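Note that the chains are named A, B, C and D in the order they appear, and that numbering of residues resets to 1 at the start of each chain.
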């Protein structure tokens, strides 16, 4: 690749450069706003400040406050207003400032966002994207580290996505905004500053909504995970080599729709699986994954599908969160319990 | 038993008489109010009207409007006020008028009711009972038939109970109100008018919170269920005899805490299990039950634990609800798919 | 610059013009009534009579098992009809669950308007055709929708206003508050109509609010509050029309409280004698919206026995049509349960749809077998 | 009986006495200040100075990694301190997340008050001891708690009032609305203090409300609204004390808006220059709560250099104690994660606790092994 020189004499930006997930998300919003005048970004502090995680940085300045709007501080009102805007034909992209602060909007979400298309026989689809920074691991105080994906995944009518890589952050957010259905877009807070080689000029294409990706193939057991737990699982798979284990890792990416094909194929290949996520385990997303994969793969399973999840406790204070979060050791313990002698 | 005659010359009420679940619940509230001045019943239309299902009938008259209070129409406000009342030392019993109308209170529930004890190292326990008429099958229009148990069961800090018999309705509600922890008390709407031999004078003792009950032992497969689906499962077990199947039925009663012992023992005994509930299956309570029982019973299982649940759709309009609800045929189909030839 | 110049210190609006009058605005029975346009009065009258008849017919349909439930607006017809007639052709209506009359008066097919309550689907009409949002069951949740739609229209330079309806009980919900605040901050072209009918099911006003009137809430948001006699159809129409014009012209939102009364029980399933006195009902029967209007029109020579009869006949025609069409069983397709959940079915839904399809086929098969094999 | 006698029609309260004055209530710099009790002024002054020092020290602790984050109330000390001092011994305080100063002024240990922000537990103090509810992170959610507690006390014939604090941003939440409405309907002994500091993080007042003032919201609930200069400590104290007395005496709730300003950024992690002008900050620095009080006290001969020094020294002692104690690592027991979720652990939690216990034991074992075996 040669280095071109622009009219101004500056070397042209290289096609690939390093970007954080937050930057890729910002670029996705920027490109969506530029591509479609119906797209409107709204939420608390998303305008002048650019969001507490700076994901909306510069958007109000570049697209005007009517396209990227600081709303009053009321989450039900924000989402409810977005419903009306979508009824008019806009494509609102709502930011909830933190996971736990989306709860006030729960009724609007469950009773309207998820149901309006169905209620009206398709007359009023709601192309709303609800961006929610979620999960722990950033030393946040109470109410700043919830993993609420199970609430949303259990609500028919919603799509639930969660990217785990910089590429996916961009590609999946663009797809979410382009979707004619409401999407809960869960952004793993602690990956906001994760970096990758990624070009805003030529963002890599990513698999569509509803597709899981095998991040690593393995022969001895399969880790099934998503969002903030993906890097932990990849690390665990690396560490497992010391034990002589060859672990596969599936990144679900999309919780609804759920890509059973990909996940089940990976589990069948190893006959053993551990589901990993951060949220409380009881009636969590991992239960669905384990139950479903067991239904699909029962006769290939050498052991029950195990789960490594957060404990069934309120999210801990920051100084104790490391004990709660699924870490490499806890994942490897579970892999070890997959009854190798059988 | 001899028939005694009272001073007034009327024969004394027989010790056993027929009662509906709604009546038993009313009696439980009545007895709780009489037994403990800290108990306060509150909600929309619970006072003068006695509740839209008449579960609080007569309580305001007999205990005064300060003990059984018609609140303003605001569910978050109701539950939030109950939190404060509990902080003062009262034992509020909150009625949410219908399942879907509890969603506005979701933030208060998840962020405070479930967490206050933990947040304050036990200093502020919240002995609040939240009564929620739930589920379908009564021809209710939209938003009147939701099964929301998975949202609550996934929230650490809450107990989640659901009675399926008249005896349990009384006994479990008394236990819920007596509990020092918050209890989500899910009342199966369509069982409100179910009847049993039951005496308000001598209410039968029932197993404590956290205990499942085997309603029927079987040898060929086990149905694991709760709440409104219990009668359906019992009916299915009866019908299964025609096929030569002997089905056991476990009534969980308590979703949190979860009685793994009882359920797992029943499943191990048959090696085959079907989990039945009304709510949407995806990431529903059944996923937890199936995953957990599989973990516990894997080597006893001849087939994967299957689930028969509502579809992953918004609750249907009344004229179509019968297609959505798990019925006897659908349950028997699942039992049939448990690969008998294996 | 001193603190006195900073926004935190400076009042953001002049309170006085936002406060409602002490007495509800009325036209009927006042000298101003003489100026009212005869065409408007005739239109209101015809609709009021039709509306009342519709309520009666729908309630009868519940007894015949043709409707799951019906919340009648008898006694409140002036609010319902005036609301519908205050809308411009491109305006949007956001009704609450009791507002079927407004929906029908807006032009929605009377049978389609009852779909939710009949139970064959949720919303029976296409909201886009007459610009009528679905009848909202969860109280007050439709109010932020109205604000959002109005705001979107305003952003697009589109002179569309929204009229959102809510009950006295519904004002207690957080969504009411959030919607009004968003509307005021965004200067959105939306009008909120509180029908204060004295009760939320069984709960009377005194247990719902301690405010002087609901209209007084407006000042707390920085929008004007208006109080109107909700049984005076021309008065409600005037107040709403003015507010809608103001909204469309960029004047921002208005909160209107119409004082009225629910003559029937909460729904056909409710027993209102459990919580209210006959006296009170009688007092309101004596302040009936149709009679009030009849009196005025008769005095002005705009209505005679013929006109009364004509209105009654039209109402009868509406009722007969409703009765007839509601007695036909709706065509139901269980497979539709899976058709509208998403634009494209998830693999999970495809599988579940296949399951139901197979079950239905088996059922049909069994039915056929039963028909073929006569009972012994 | 006519409709005019029915509750739906009749205003439920007289609006005029509920409306706030146009100008915020002030004492300092007015003739009325001469009457102020010297003891009160001294108490306020000492606390204000300590409070400001506490804010500075806590912010410094964030830089040293000893606190996860700190939302300073510098500039708002008059509200914080006056709120605490307006409480009777048996009253309850319901603070918002920014109100650590009020909590400390109420008597809670300054280190325990920071537990949440240090991160060793959530609420670090026993709320029952000083009758201080947990610092509430989800905005406005504590307001209905205050109402419920006050209501419960009233039902029990217990002369206890609650003071609930919220920010200008927090007033937009539905919980604010529902709490005020419940309070008014129940006539609960609760006082709501809105600290209007001009911003909700970056969002300025004009994007938060269009109301004349927040105090005007009161009339919509049927309670009095009071507006006060939030940097005038005696004025805030007077208004809150009156309202609390009124509440305790059965007079019902009051809404108080204190106009003030957040001098520091939203938290140590925030960059306030992104959204506000230095001019505005400078204007408010010139209306500083401590200086306003100093000026008055100096004029009245209640404060001299000695007194100033004494206050500064006491503040320094507080800061030194805080610094020292916060530099010690808190004792942590991971097993406590399972101790308070329920009164009695569920079988599931017992199992999970056992798992963590085993992991900790294995970790400890590994640590011991590492210590025993010196690195090569």
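Everything that follows uses one rule, which is that contacts are C-beta pairs under 8 Å (C-beta built on N, C-alpha and C of every residue); 3 or more make two chains touch, one makes a residue touch a chain.
Remember, it's a predicted structure, so these values are computed and weren't measured experimentally.
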item	value
Most distant chain from chain A, judged by the mean position of its C-alpha atoms	C
Of A-D and A-C, pair with higher C-beta contact tally	A-C
Rounded Å distance, chain A centre to chain C centre (Cα mean)	40
Whole-Å separation of chain centres (CA-atom averages), chain B against chain C	35
Whole-Å gap between the CA centroids of chain A and chain B	33
Sequence positions of chain A contacting 2 or more other chains	71-72, 74, 76-77, 100, 103-104, 107, 111, 115, 118-119, 142-143, 156-157, 256, 258, 282, 311-314
Interface hub residues of chain D, defined as touching at least two other chains	121-122, 138, 172-175, 177-178, 181, 185, 207-209, 336, 341, 346, 348
Residues of chain D defined as touching chain C within the complex	1-3, 5-9, 11-15, 18-19, 22, 24, 168, 172-178, 181, 184-185, 187, 196-198, 204-213, 216-223, 231, 259-261, 279-280, 282-284, 286-287
In the complex with chain D, residue positions of chain B that touch it	40, 66, 71-72, 74, 76-77, 79-90, 92, 104, 107-108, 111-112, 115-125, 156-157, 159, 179-181, 210, 256-261
Of chain C, residues touching chain B in the complex	68-69, 116-122, 137-139, 169-170, 172-175, 200-203, 207-209, 274-275, 330, 332, 334, 336-338, 341, 346, 348-349, 352, 356, 359-360
Chain C-facing residues of chain B, complex	44-45, 47-50, 52, 70-77, 100-101, 103-104, 139-144, 282, 311-314, 316-320, 323-324, 329-330, 333
Chain D - residues contacting chain B, complex	121-123, 126-128, 133-134, 138, 141, 143-153, 155-156, 162, 174-175, 177-179, 181-182, 185, 336, 339-343, 346-348
